[in-house]
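Pasting a structure here, questions to come.
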């Protein structure tokens, strides 16, 4: 975890409101459990309707929450009028995931237009956290509707 | 689209049965619309509960269906006892996606243990398809439970 | 190969001059063999001092020329004052590469600040081309020195 | 840096010998400066013939040494008869790199056939290290010639 200075003191509320508008989060049962400057935590309790063919959580579910954790980590360091969009990401899946998961996203480098972030996903197993996936990705800063669709 | 010779003539039924066991597909409303050797198509009708904060489909939703399309493209060329797991993937998001999507996965190179696949996602817009995301990833061949958790 | 309309009719000369300034290209013996709007070809004759420990071309050599092919493919569609920098890329290595190689980079989507490109590398073997590596990456448009170091 | 237990007590000599056989390393002027279980450090003194068009080190040069650092990090944990090949990697470039660089590769998860590794590259600037690039990739374990070309 790096330590960053937020530009917008109201970043936490802004992120919590945006998270609610990410409707896929509710669909997956994801909860925003920690909002700090440059660092975001999202949890998903295991559900059997989120799985791949062997009963493990689908790689796409892990990816979805890691992407949101990265995006909000980047957003937490931006000014109030800015928004975020995923440019790209890469994820590696280290172990099959069965159980409640926690994803933590962190900013490696904030930028004017490109923010580089990392996220890890852990399965919680008898009080221990086991790393099951990791992501490296780029988030772009968007300002106004033009930024979003440009 | 490449042309591949399947090793298992029953590959289509095998994949259709496995797709049903991928419970996240039903959760997202994804449908398996084409199963050919080395080529898989998955469609997701737009739903407002699959979105990110601006109302576009969440990048993770596109990723989830591209990953499944890649995995089943790889599986379609394997012998009946084999299974697949995502090792890793990388996706780029070219345009915000709002509308019904179709993802097509294809095998670039099948392998004994590592299969390299590509997928594209298009939004359907007034009869035209607009490329919104693309994926490049690796799928591993697993045989038996040991292969899955090893 | 896609067909693109260049904004700068002098794009080919601009790219050929820039390629000469990419000193690593001469160090690797790389040649710029094709410059078309949105499409670039670079060739590297095999040399034994470019290898990894088994005598194959090092993955980093393939990557270096694919990155340059992507960067110049993006640059070919830009106005004369613009420059390019690699944001990120991902490459898969499909087969060990031993022999002369040809890398082809192409623009998937040009953008104001982010350009998404793809490249493939082939080994030339008795008149046939064998795909050995593929890349998916993002190139950013930079204008002026500030853009480069910002 | 994680701590790993090597299976082969002679891992350091094995890696040093293999590094010499990676002829691209000498071509780039790269030096193997640290060999520990699961952790490898490679340094490249700046040279003007390793640059892109603005005089910065080419992204492909950073990638080449990060890939070698990852590969040898994975190899350091393997038994003596095993070898390594890059399956794929992804790199993000955070800042232009001008100066001597140091790349550090580390194993995130060793595996029977797939090893996930991470690497970072820093520019050395007046006694400080500045992160300029980061990699996330997969290395496969190969045994014998068949493993290499299969």
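Observations on the structure shown:
For reference, chains read A, B, C and D in written order, and residue numbers begin at 1 within each chain.
One rule holds for everything that comes next: a contact is a pair of C-beta atoms (placed from the backbone, for glycine too) under 8 Å apart; a residue touches a chain by one contact, two chains touch by 3 or more.
Note that the structure is predicted; figures quoted are calculated from it, not measured.
Each chain gets a centre from the mean of its Cα atoms; the one farthest from the centre of subunit D is B.
The greater number of contacting C-beta pairs, out of the two interfaces C-D and B-D, is seen for C-D. Chain centres here are Cα averages; for subunit B and subunit D they lie 32 Å apart.
Work out the mean CA point of subunit B and of subunit C, and you get 28 Å between them. Centroids of subunit C and subunit D (each the mean of its C-alpha atoms) stand 22 Å apart.
Across the assembly, subunit A contributes 87-88, 90, 92, 95, 116, 138 as residues in contact with two or more other chains.
Note for the complex: subunit D touches subunit A at residues 90, 92, 94-95, 108-109, 116, 118, 131, 134, 136, 138. If you check the complex, the residues on subunit C that touch subunit D are 18-19, 21-24, 26-27, 48-54, 58-61, 63-65, 67-68, 71, 83, 85-93, 95-96, 148-149.
The part of subunit B that touches subunit D in the complex is made up of residues 87-88, 90, 111-114, 116, 138, 140, 150.
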